[in-house]
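Dropping the structures in below, format is structure tokens.
Next, two complexes with subunit A in common: one pairs it with subunit B, the other with subunit C.
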Partner chain A sequence: MKLTLRSWRWELILVVLIIFAAIWSSTLSPYFLDPVNLLNSSQFFVIFSLMAFGLFPIVVQGEIDISLASTLAVGSVMIGKLAVSGIPMVVGLPLTLLVCAALGAINGILVAVAGLPSLVVTLGTLGAYRGIAFIIAGDIGVTGIPEEYLTLGSARVGIVPVSVILVVVVAGLLTVLMAFTRFGRYSYSIGSNHRASRMAGVPVAATRIGAYALGGASAGFAGLIWVAQYQSARGDNADGTILFVVTAVVLAGVSIKGGTGHAPAVLLAIVLLGTLQTGMKLANVPGTSQTLVIGSLLIISIGVPRLVEIARDKIAALKPAQETTTIKHVEVETRV
Partner chain B sequence: MSAGIKTLTRRFSFTKGAGALRGRFIGVLVFLAMLIVVFSILNPRFLSFDNGRSILFTAAILAIAATGQSLVVLTGNLDLSVGSIMGLVAYVVFDISGKVPELQPFVLVIAILIGGFLGFLNGFFVSVLQIPSIVATLGTLSIYRGFVSFYGNAREITSGTLPPWMRELAMAIWLGLPAYVWVAFTVVIITGLTLRYHPWGRKLYAYGSNPEAAHFYGFSSTQIVTGAYTGAGIIAATGGLLLGAQVGNINSLLASGIELQVLAAVVIGGVSIWGGSGSVYGAAIGAVVLATINNGLVMVQVQEFYRLLIQGAAIILAVAVDALVQKRALGATTRRRIMEVES
Partner chain C sequence: MFSHNRNGRRLLGGAAAALAAALLIAGCASTATTPTATTPDEGVAPADMIKIFMAPKFTGLAYFEVAKVGGVEAGEELGFDFQYIGSDQPDATTQISTLTNAIPQKPDALVVSAIDGDAIAPALKLAREAGIKVVTYDADSAVDARDLFINQLSYEFAASIMLDAALLNSPDGGLVGFISASPTAPNHTAHVKIMKELIDSDSKYSSLSYIDTVQFAGDDAQKSQDLALAMIQANPDLKVIISSSAVSAPSAQQAIVNAGLSGKVFATGFALPSSVKDFLKNGDSVAFALWDPAELGYVATVAAYQLATGMITAEEGQVIDAGKAGKYTVGKDGEVLYDKPLMFTADNIDNYDF
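Our next item is the complex of A and B:
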């Protein structure tokens, strides 16, 4: 029990922070806690959640993918193009997901097989995929998308938007994937020590490529939600959102060096960021000033535990020093 | 083994490692030359003096920012907050100097102080708190940018309130080249010489190529990393000041998103992302390469989108070459070590 509590401590902190943020937001506006308003504003974060879920296994493996927002753009313009040319969604969606997974896999191959640093590779593909999205969509982008593709943006079960339910379901699936499947356990193993994992017979390259392909596919799926919510697709969709997504994953307690982190925490981190942003919107804080709070949250959430750790190390370093001196003292006595 | 063969082997393997490293720098130059040839075949007007001048002018600020970034990359870290530092410094400094005209001659000093402080903060987070540099500077990217917006309250600084001499500098042409190019040149050379000849610079390389060995040698990682970030902050501040004067009307979003361009310039310029190798001259040429691609694609009337595609491909190509060079250099040193142990 104690161990469980300790390993889920970060999630506990996140929940506490969410509660504080929610209380703060509700003092700003009585409408904040209104369920309809709450669900409406949560819709805005569906796209970010899906991208963060896609990024999560990659970060667990100790790598990063900053090209996901560009992959999303490719996904959204592909969906848009396929939709206006009259292709039904049962064909259009899998096709798009496949292409986006392939884009992810290219990243994965460059990282896992060619051994290039993931940050730089995905910096390159961040530009390249954005270029592809523009080439597909042209200058103007795609509009006039048929109803069939837009249902995910407006459909509701009762008062709950379907897209929000979808996010919770995907979070559940991701949790199972990371906690109970071979792929998930390999991911943690690779993230902790990829050399040792290779020695132990873990298919490192394949698992890495798999994670990147999965990330690409989930970005493509986020592209579908984008089209459904905004009813258009352009090459510059989601430009610059990757920093928010990385912030969410890091805030979820996932070490950027890999090997740690729980999938549900990613959802909690998104909820926390969402609550804060919605609250600040209610308080009329302009969008660019909001980044001040979110950035500080990121630094503090990692910096403060570090400070505590450093302080603890300093104290611990003092203690054994005393013990060794006493042992020496005893030794001297026996020798005498 | 005879001494003669030993020295011969040593020299041979040494040349191989160093040659690989030098080859990378030459590779960037060859790539630039190839770009120039291709673009001038496609559009003869590309090769005009005016166009060359315009390429250098666009490259100047990017080259300055890339020089600062190189300091950090040499230590094996990253600074994603460079654009935010540039924006913050430009906004705050020109705001202050607009309100208090007496301070106008001192804008550079104020900029360096602010930039140095922001860089120091980055260094503190990375070295003392040991937050991975991507995460720490991602955080400060948001913080610094958010601060400008908070401080500025959606106001825009108009070009009329800027110090007149800064405005003139932005348009001045000295000895046939824009003043900005000369400034960039100076910054790159000074930084390059410092890295090459000053102990501070050598420590950066030593730490970057092997942090543990540097630690055992008695170097303080905190000092080196914080120093690199502070230096990067100061150089970024200079770049921000120039960019602000060039743009004229400054809003809170100035230079946002430039970090990826800067990183691209550094990587294309052959500064190893693993730290410890590469030069600021390379990074500056990387900036020129990016500016050449941008300019050339406009000249041959290729759509804007292909620029992104080609830039992305260039980055990946550069890092692939980097990886290859790294492997060869490493292989050479390992072989040398084996030879020495045998003898």
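Our next item is the complex of A and C:
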């Protein structure tokens, strides 16, 4: 019981932070607590959530993928092109997901098989995939998307947008995948120590490629949501959003070194960032101050617990000093 | 196990402190910046007071800050609540969230420069459904997503102005290279296309020739300098670099100065006068062009005010009377041509203070 509480404490902190952020936002703007507006605003974070979910297993494995936003653009322009050429969604969507998963897998192969650093690999494909998106879309992009592809952007259950429900469902699936399947266990194990994992018989390369392919597919799916929400697709779609996605994953308490983190925390981190951003936007806080607040939140929420840890270690180092000396003493004695 | 639990509690305490600090900073940031808004307490503004929001592509770029001055001026003269909103991130998603969050604040009108005219269209349509009038300036959105577009300069006019500026720099003509913001900036793409057509077909510009490949610098000063330098090195007979980006044109000129090639190669195009004053005074470049962004912002905001008050309905042929800034007629598809180019030279640059 104690262990469970301990391992979920970060999620608890996030929930507390969300409550405080919501209170602060409602004092910032009288429009914040309007449920319709809140739901409309939450729709805006669907795309970020899907990308963050895709990035999560990769970071758990101790790697990074900064090319996801470019993969999203390939997905959105592919969806757009397929849609306007009259191909039904039951064909267009799987095809796009397949291509995006393949783009992800290329990253995975370069990282896991060729052994290249993931930051460098995905920095390269960040540019390359963006280029592919521009080649597919042309300079002016795609508009006039048929209705069938747009339903996910506008459909609602009651007043709740379907895309928001979808995010919660995907978060649930990701939680199951990471907590209860072999893939999840392998991912945490690889993130903790990939050499030891390999010796223990974990298929490291395959698991890594799988995570990258999954990330690519999530970005492709986010591309579909993009097209559905914004009824258009362009080569520069989602350009510049990867920093927000990485921020969300790190704020979720997922160590960039790998091996730790829970899937639901990613959703909580996005809710927290979304609450703050929506509150500040509603209060027309100038853009530079918004960036300052989000940046400070990241540093403080990651930094302060670490400082506490360092302080605790210092105190601990002082206290058992006597014990250590005793042990040394014993050792010396036995040697003698 | 016990110590683990204790650590947990400590960490929770630490996080609580973090939260307090974060919110404190946030609080300071917002209180420190509120006075920049014209009415800090818009929540209690009189119900009958017209409220107009201006959303640039992104905040912090000198060009948009100058346009904002025009909006503020219109608000003071006509007595409405003017607010400048937006993020400093130059991407479409943040602009969409800015616009989405503007709607529940129930402004009477939005004045918008679109980063991605198609992507922000659904948000603008939502605003229009909520009874908000939408005016675009500088960069248009999809036509059915706004009431009016105040076009600073028709694409054709802009293209010929920039070529005129190129000939002022290099009267004997020569090879021209283009730097644009991005392939998705519709105005830049159109400018380059028309400039190429004019060089090919118009005898006035027949002394010019051009490098077919366009370079993209994304309104980034550093990248513009790099691209300009690379362009000069790759094309020894290059005479003029033209850019319709107010960031790239002065940056390209700076690269030329840095490379010690002043007088041999020239940069021109659209630039804020303050950013090219030294170049013109030193004779590094002979001419840059632009329009008055403040007056453009003024006209766009006045048009939004007249729409919001029902003085005009954005129908073709109606006249927007912007007082000292002149009268403008609404054209086809709600397009209003501002069309007042300015050519900056060493002789007149001191007259412009933006």
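By our rule, the second predicted complex is superposed on the first by the 320 of 336 C-alpha atoms of A that agree within 3 Å, B and C clash if a C-alpha of one lies under 4 Å from a C-alpha of the other, contacts with A are read in each partner's own complex, and residues count from 1 in each chain.
Everything below uses one rule, namely that contacts are C-beta pairs under 8 Å (C-beta built on N, C-alpha and C of every residue); 3 or more make two chains touch, one makes a residue touch a chain.
This structure is a prediction, so every number in the text was calculated from the model and none was measured.
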item: Partners on subunit A (subunit B, subunit C) - clash or fit; value: clash
item: First, second, both or neither for A:L126, with subunit B first and subunit C second; value: first
item: First (subunit B), second (subunit C), both or neither touched by A:T181; value: neither
item: Touched partner set for A:G240, first subunit B, second subunit C, both or neither; value: both
item: Which superposed partner A:R9 touches (first subunit B, second subunit C, both, neither); value: second
item: First, second, both or neither for A:T288, with subunit B first and subunit C second; value: both
item: Touched partner set for A:P117, first subunit B, second subunit C, both or neither; value: first
item: Partner chain in contact with A:S41 - subunit B first, subunit C second, else both or neither; value: second
item: Subunit B or subunit C, by number of subunit A residues touched; value: C
item: Partner chain in contact with A:S296 - subunit B first, subunit C second, else both or neither; value: both
item: First, second, both or neither for A:Y31, with subunit B first and subunit C second; value: second
item: Stretch of subunit B, among 44-52, 260-268, 314-322 or 332-340, that runs into subunit C once the two complexes are superposed; value: 44-52
item: Intersection of subunit A interface sets (partners subunit B, subunit C); value: 134, 235, 240, 286, 288-293, 296, 303, 307
item: Residues of subunit A touching subunit C in the complex; value: 2-3, 5-6, 9, 12-13, 16-17, 20-21, 24, 28-31, 34, 36-37, 40-41, 44, 47, 134, 139-141, 143, 153, 229-232, 234-241, 276-278, 280-293, 296-297, 300-301, 303-305, 307-309, 312
item: Residues of subunit B touching subunit A in the complex; value: 78, 125, 128-132, 134-136, 138-150, 154, 252-253, 257, 260, 263-264, 267, 273-274, 303-316, 319-320, 323
item: Contact footprint of subunit B on subunit A as seen in their complex; value: 64, 110, 114-117, 119-121, 123-132, 134-135, 235, 240, 243, 246-247, 250, 255-257, 286, 288-296, 298-299, 302-303, 306-307, 310
item: Subunit C - residues contacting subunit A, complex; value: 1, 4-5, 7-8, 10-19, 21-23, 25-27, 29-30, 32-33, 36-37, 42-43, 53, 58-60, 83, 85-94, 96-98, 100-101, 103-105, 116, 118-122, 126, 142, 182-184, 186, 189
